[in-house]
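Next come the structures, one after another.
In the two complexes below, subunit A is the common chain; its partner is subunit B in one and subunit C in the other.
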Partner chain A sequence: MNAYLSILVSRFQILLQYRAAAAAGVVTQVFWGVVRAMIFDAFYRSSAGPQPLTHDQAIAYIWLGQAMLLLTLLSVDADVAAMIRNGSVAYEMTRPLDLYSLWFVRALSGRAAPLLMRSIPIFGIAGIFFGLTAPASLNAGGLFLLSALIGLLTAAALIALLTISLLWTVSGEGVSRLAPGAIFVFSGIIVPLPLLPGWVQRIAEVLPFRGLIDTPFRIYLGDLHGAKAVTAILLQLAWLGALIVWGKVALARGVRRLVVQGG
Partner chain B sequence: MIWNSLRLYFRYAGISFRSQMEYRASFLIRSLAQFTVTGVEFLGLVALFQRFGHIDGWTLPQVGLFYGMVSVAFATAEAIPRGFDVFPNLIKSGDFDRILIRPRSPALQILGQEFQLMRVGRFVQGMLILLWSASRLGIDWTLSSITLVVLAILGGVCLFSGLFVFGAALCFWTIESIEIVNCLTYGGVETAQFPLSIYRPWFRSFFTFVVPLATINYFPAQAILNPDGASSGYLIAWLSPLAGLAFLLVCLQFWRIGVRHYTSTGS
Partner chain C sequence: MDQIIVENLTKTFRVVRRKPGLRGSLQALVKREYQEVRALDRVSFSIAAGELVGYIGPNGAGKSTTVKVLSGILVPDSGNVSVIGKIPWRDRVEYVRRIGVVFGQRTQLWWDLPVLESFDLLRDIYSVPESRYRPIRDTLIKKLDLGSFLHVTVRQLSLGQRMRCEIAASLLHEPELLFLDEPTIGLDAVSKIVVREFIADLNRDRGVTVILTTHDMDDIEALCRRVMVIGDGRILSDGTLGELRASVTRERWLTVDLEESVPITPVSDPDARLIRQEGRRFCLAFDPQQISAAELIARIVRGWPVHDLFVENPPIESIIARLYSKQGTP
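Coming up: the complex of A and B.
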């Protein structure tokens, strides 16, 4: 366990050095948020009818999405992808470590460090200048942090699965390129899930992707509270467990058929 | 001279084309991925229109016209001057030196670095939406309005190419790639997918006078949607795509200043 923890910490520290990239990310995401907020402003002033989210909730949802965008951009760690491609993955397998845990921890630190560096400034900027409201209650704030942490772990589990899919496709094409479309829709990053048509929401509800950002955001906004919030978090946990088991089984099968070319 | 340059460019493009076709499955998957990612984005838009009905009085097919025009223009601009987009790598590695010693203009050689075929995904998606909107708008498509759409798209290709050239030219000073320029390119596309009139005034002014996005999208589309509008609006609509070309020329001039300023990293 200690080995994984120290990998996590050291990778995390390395990634914290990329401050210029984080600053650029913050500027880009704030710009994006300003544009999207204006678009939603315009939609909300065009229709007087009641909506599943109030205008302020929708704007807050958008800014939360900008702050935590990285949870929906699930790309395989370039180093690991290169290892699978050029065969040095064989060295990874000789280490006295569980390969799945190793990749999971790498994916986790790969998301966590940049996420922290981007989300904290964006929370501040959006809160001060652009109308990101505070959590609905203290309780909602606490549950939001818990749910966002599970969202982060879910992102790592999904990245681990995408990494494992490379054992079959090698070139890095295929699943890892086609998955983003589904993740974008069903996580709620394109349009907040509560604003989608009912039948799309029902599909989204049973998929793991809403656990990335939609569940934490709705808890934050107070849209999910009480027993509903608890159920949503339990569902997040169930999916997290399922994705990890799925990843471990797939990896075991992938390793069995893996042929590393010598050279 | 110009014909010779064109011929050289087409040879470059042909080589790039063939090399990408060597990986046919990869090309197909990448294009398909781009098609789906931009496609689901539009479906999100459809869902919002279902819920809200309209945006400041604009209907979905009207917004689709804006969306389609800018998507087609951007996809083309991403495919052709792709070399400028990846230019920072040339600076960092020092490979730009090799380009400078060849007896051809550096801009032409950078342009020929890569013709990115996978952009066909976004192109097709944008084209489908453009055609769908055009058929749903219930307006008479005359030769002149079709010409205006084509001119606006060409102006857009110039404008976005200009932004890529501008981003590349900045690297002469910074060495690093400047991600902030992405706000103007990708952010510009996102912005222009809607009529500019829905945004705040300061934002509209920026995308009219600094980066003239309005001229290749908003003015022409508006003239097409309101054929009975004031004749001055019509004149602006026809002249405005030229602003895209002017923007590209300014950016190319900036690029030339950058080339003169260039000192190799030596690596």
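Coming up: the complex of A and C.
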């Protein structure tokens, strides 16, 4: 089997063992989903004017967000962070592998396995009990899956970048705590992006974070369709490419200054 | 032909120097002082294919730095390195395919995976064809006696078991060259012997070049014909164990046990120096160029009721210790 695929599969298998964590995650996210849905419900009832999203679309956006929350909770890869601290990162470099691809694959498997275990049950629960509507069309459903996959890859590229920043800061606490703030606001996980003030939306549109969940969700809801959906996906791909190139360049520079102490 | 050529290898690390106390910490917030630590200072050596070389030195001497440069992990400041015709850090991916590395204090296996699955993963990483992989793996499992814990996850292994697995893991892709950085650290006597015998066989039967760093002088005496000693980033000595001994001291040791029945009278001789006494056992150091062993023994047997005696070389530890102290006071 291909090396990266093999690593992806085995890490995926390891992570699939964490069933209790997944169950706890599902319960928490459903609970918060109910709370958030109630807040938006109240908001729609009290406002008279027309909104950029319909009530049902907003509720669906909230539930999609609960199902795929993990795409926005990005922090450094804990395994790689530990390796950088204790020096085992040396072993990663004695493999005939491209280090960036290796870390990207680690990040990808680290996100994909728990995401699947949490999102599928939440999709089911929200669809049956809490009014998560089906995709706007079959077409929208297909494009949503594609866009969500790109979102997952974007999450992995962002995690890889955060992880690579450890080569400069060692503890990684700083970047790891700063990044989520920006990601929360500009991904749409706190407030759906279409409901934000126009000037915030314009910032969000040029940042990579909307590609995590907002683009796939709006395709799902039919808010983005046709040429607009295609453009949004192309933008997602452009950001994904840029983040990967950025990560590769940063890692190549970081490795040159790497010091593996002791041992 | 030389497989490893190292010329004038130099590597400097910059470490932050902080004055002690709160004041020092506050100062360091504003202005950092750096101190240059020269880990390797114009190190040169070459190693032929099939050699088994011991690389020794105190902590911080530059051993691990050398191994890390040679295994493609660190980029040196200056100097030339060519290993199997490649520059390790520049041709890293292509190069590491052909070498094996074991860092005794770290693990290359996956904590959450059973040993056998870790091996399978390495097979994929090194793209070893299944038809080659199976016989190699099975031979390693047999020789290193891993059979009983192949299905245990790595985190549950004892250190000795894990180290044997680490060594097997580093050889699945049949490297031409093996770097062992303290492979026997923390192992019990039995595991140490298993590991040593395995390394000796590997070098003898398969012709794998082995570079071994260690603090355990028994490893060196059991395995290495050639020993390189590094101290303060410089090669202090490079040659056979015999040459290393000769370069430091010609001294040999004579140990004498006196008869049980008679009262102890201290053993001494004008041409020898008493280095220690434990009950009825006396240990004398002498210079064979000043007095032959036979002559010294004859004199002592004449003068004391000797029960048993033997002549030995000073242990390699004391040789190395002297080499360092000699270096320290030029």
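What we mean here is this: the second predicted complex is superposed on the first by the 262 of 263 C-alpha atoms of A that agree within 3 Å, B and C clash if a C-alpha of one lies under 4 Å from a C-alpha of the other, contacts with A are read in each partner's own complex, and residues count from 1 in each chain.
The rule we apply is simple: contacts are C-beta pairs under 8 Å (C-beta built on N, C-alpha and C of every residue); 3 or more make two chains touch, one makes a residue touch a chain.
Just so we're clear, the structure is a prediction, and the values are computed from it rather than from any experiment.
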Identify the partner contact of A:43: answer first if only subunit B is touched, second if only subunit C is, both if each is, neither if none is.
first
In the superposed arrangement, does A:51 touch subunit B (first), subunit C (second), both or neither?
first
Does subunit B (first) or subunit C (second) touch A:6, or do both, or does neither?
second
Mind telling me which of the two, subunit B or subunit C, contacts the most residues of subunit A?
B
On the A-aligned overlay, A:181 touches which partner chain: subunit B = first, subunit C = second, or both, or neither?
first
Figure out whether A:137 sits in contact with subunit B (first) or subunit C (second), or with both, or with neither.
neither
Does subunit B (first) or subunit C (second) touch A:195, or do both, or does neither?
first
Taking the complex as given, what residues does subunit C use to touch subunit A?
13, 64, 68, 71-75, 92-94, 96-97, 99, 101, 103-108, 110, 112-113, 117, 120-121, 124-127, 181-182
Spell out the part of subunit B that touches subunit A in their complex, as residue ranges.
23, 25-26, 29-30, 32-33, 36-37, 39-41, 43-44, 47-48, 50-57, 176, 178-180, 182-183, 187, 190-191, 194, 198-200, 203
Listed in rising order, the residues of subunit A that touch subunit C in the complex are 1-3, 5-7, 10, 14, 86-88, 90-91, 93-98, 255-256, 258-260, 262-263
For subunit A, which residues are in contact with subunit B within the complex?
20-21, 24-25, 27-28, 31-32, 34-36, 38-39, 42-47, 51, 171, 173-174, 177-178, 180-182, 184-185, 190-191, 195-197, 200
